[in-house]
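Okay, got some structures for you below.
Next come two complexes built around chain A: one with chain B, the other with chain C.
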Partner chain A sequence: MPDIGGDPLFVLEFGDILHYYTPYTITLFLLALIFTGLAIASRPERQIDIAFGGDAYYAKETTISEMRFRRFMAIACGLATMGAMGSGDIFNFTLFVSLVGIANIGIVAAVKSRHVLNAAYEYGIVAMVATLPLFGGAALVAATTGTLAISVLAGGGFAVPLVAKAFLALGVIGEGMAPFYAAKAEMFRAPGAPYVIMCSLSSLLIFLRVVEIVITI
Partner chain B sequence: MLIITRISRVLSNFKNLAALFAGACIIVSLVGILSLPLAFEENQLYPKTQLDPSSALYPYDRGGVPFGTTEVICQYPENSPYAGYVTTYLTPLSLYLAENTLYIGTTIVAHPGGIIDEILYNTRGADTVVETSILFTAFAIASYLYRREEE
Partner chain C sequence: MIQDYSLGLLVAFAAMGVAFFAMMRETDGLHRLLLTDLIEVVSLAFIALIGTDLAEALILPGLVVGTSELIALSEIYRIKEGYTRPPDAGLQIEVMESAPGILAALLVVYGIVLSGFSGGVVAGLGVLFYFLCRGHNERFELIETASGYSWALWIIAFFIFMILPQYWFFAVMLSGSAILVKVMAKMSLIGTMRGGPNA
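And then the complex of A and B:
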């Protein structure tokens, strides 16, 4: 398997769908695993706004139900990221990426704050629309090569069109927003630190993974 | 004003996000249209054959004998020695619906990824697991947001 990640350390088989872990992807996998553990174990941060020019301050409380829901979404996002890191099948990878996008929306949608929800709305539109280039890219790969397994495509002999790779990358960018942090910067103003950082980390990891896939196939 | 300042000012406003992404999609789509025609690989691993409009599972009826082995092309045949059990994947309720109505085949499309779900094939069970996870996550978000109104 001549890919940039190195030789697979071990392979997990689900029928035609292989999950394989190279030194590159296992590093990303462990990063997602550790951060998911941190999101489970840690308590949400408490933001304090200080009213300038006076002694007053506002403490923003995160309610228990909101905290529980966002923790659940952060765990779902972490599991989806871990799945996307190891997936050795293009369509399976796109499914995990769209799960990451939906879980990201869920993390910020629970916040009761106008400016956060405004940013989350814009991000949600992009994440929903991004499924079109994402699955379109996977469909183009399936149609032009006849197979979806990354290890088989990496073996050579297949002409994966450039536009399919571009669609895949564009879809992942839209789901995770890794290069465009404009909306995410707004969303990070939401109280509850470990959960919102999960959005950022997952989008970074799926972007690193799609770069590897696009170079490999 | 430096051009980088202007670019970063446009990028920093999240209201431009959807427009930016739409522009990127348009550019890539134009490149894709210009690169047409793309050759279709005849030797598909997951072919679309045996479509039977009268079947209750249409267009997801992949055939196969329940509790029997059907000849299936696999990427990794050694991983699926018992390939061909596709119609036995149905739960008893789905089997009842498939036998008595004509609509079980169309309900599978009601989730993300359903459009190219037709490539779903006997040996691709992990896809189905992830698809339903997407569906349940979306339901969890929707139900939380709906019930939050009652607080």
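And then the complex of A and C:
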């Protein structure tokens, strides 16, 4: 087992489905936990727009209902990320990843502004299309090896096709917001800072985790 | 067996190519949303090709994820384009005034007798029909809350199956009635799609 994550610290078995934490994944898990706590505790940023050519400025207010919805979505995103970090079953991992994608769409789309909604729509299309390589990769792993458990696959003796690994990585790239949309100013300058940071963090974490999975299996 | 799987995989990859090509060519927002559904179907085909009991268990979450993303995106599209439709009066047919009460009562009672998923569907059909014909002034947050609590009860029943198997009868009753309420509440929402004050 080429374990880049170190020896498992904790294993929880539900029959075939198991959760486990290695020093690598527990670090990522704790990072997600801390940021979820920060998203719960912090208050949304209040943006100031300065009008050119004068002393005037506008302060953008985030309404309470919008703040509550985005906070809920940020917590859901954090929980899904934590689940993806600890999951030892490839299909469960892909489900958690697609949940991260849905929560990210929710975080961004709560802003009722035309250009933010346009960006969220485009991102949503990409996230939806990415479920094909994501689930397709997991299905290819299950069909060619007969198991989905990462620990069993790590034991060796299985020929996981390269296409399946590539599909998994491609799906995670599409679901997470960071790689495609890191430069999308419309999304990241939407009012309400701590929640938008959750999008970037979750996509970074799921990407780090899928790299570990692809190398291990 | 392997031959069949390879053939199916070939067809799925071809369908994937067609779907992505269509996605690349299309520029209209709504049509792209519809095309993503095509891609969802191909991903379900990939899962179905496993061809064992496992495939059945994996298709359901895959389908749920796809549907929920489709609903979220259509809602974003609707708000983005500013589409709103005022509620209209609907069809004014005499049958739709008299029949719903009787039919809905019959279906709901029969659904409660059946219980479980199928009972929920039958009872939900009754409530759906009633809402569709008679209009509605209910507070849908309440229905949603009831549905959420009954879903939690359903999960609790599963934990009873796993942890305290000797109380299986209680767990069967709990999960059967909870899933009845949940499915009925969710299905009845379809009946409110005509629009209305609280929908």
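One rule holds in what follows: the second predicted complex is superposed on the first by the 209 of 217 C-alpha atoms of A that agree within 3 Å, B and C clash if a C-alpha of one lies under 4 Å from a C-alpha of the other, contacts with A are read in each partner's own complex, and residues count from 1 in each chain.
Convention: a contact is a pair of C-beta atoms (placed from the backbone, for glycine too) under 8 Å apart; a residue touches a chain by one contact, two chains touch by 3 or more.
What you see is a predicted model, and the numbers here were worked out from it, not measured in a lab.
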Which superposed partner A:A76 touches (first chain B, second chain C, both, neither): first
Which of chain B and chain C A:I102 touches, first, second, both or neither: both
Chain C versus chain B, contacts on chain A by residue: B
Touched partner set for A:S42, first chain B, second chain C, both or neither: neither
Partner chain(s) touched by A:T131 [first = chain B, second = chain C, both, neither]: both
Chain B versus chain C as contact partner of A:F91, first or second or both or neither: both
Touched partner set for A:A142, first chain B, second chain C, both or neither: both
First (chain B), second (chain C), both or neither touched by A:A110: first
Contacts of A:L170 with chain B and chain C, given as first, second, both or neither: first
Residues of chain A that lie at the interface with chain B and also at the interface with chain C: 91, 95, 98-99, 102, 105-106, 109, 112, 118, 125, 129, 131-132, 135, 138-140, 142-143, 148
In the complex with chain C, residue positions of chain A that touch it: 91, 95, 98-99, 101-102, 105-106, 109, 112, 114, 117-118, 120-121, 124-125, 127-129, 131-132, 134-136, 138-140, 142-143, 148
Contacting residues of chain C [partner chain A, same complex]: 5, 12, 16, 19-20, 23, 29, 32-33, 36, 39-40, 42-44, 46-47, 49-51, 54-55, 58, 61-62, 65-66, 68-70, 72-73, 76-77, 79-80
Residues of chain B touching chain A in the complex: 11-18, 20-22, 24-25, 28, 31-32, 35, 38-46, 74-76, 79-80, 83, 112-113, 115-116, 119, 121-127, 130-131, 133-134, 137-138, 140-141, 144-145, 148, 151
Touching residues on chain A, where the partner in the complex is chain B: 13-18, 65, 69, 72-73, 76, 80, 83, 89, 91-92, 94-96, 98-99, 102-103, 105-106, 109-110, 112, 118-119, 122-123, 125-126, 129-133, 135, 138-140, 142-149, 152, 159, 161-163, 166-167, 170, 173-174, 180, 182-183, 185-186
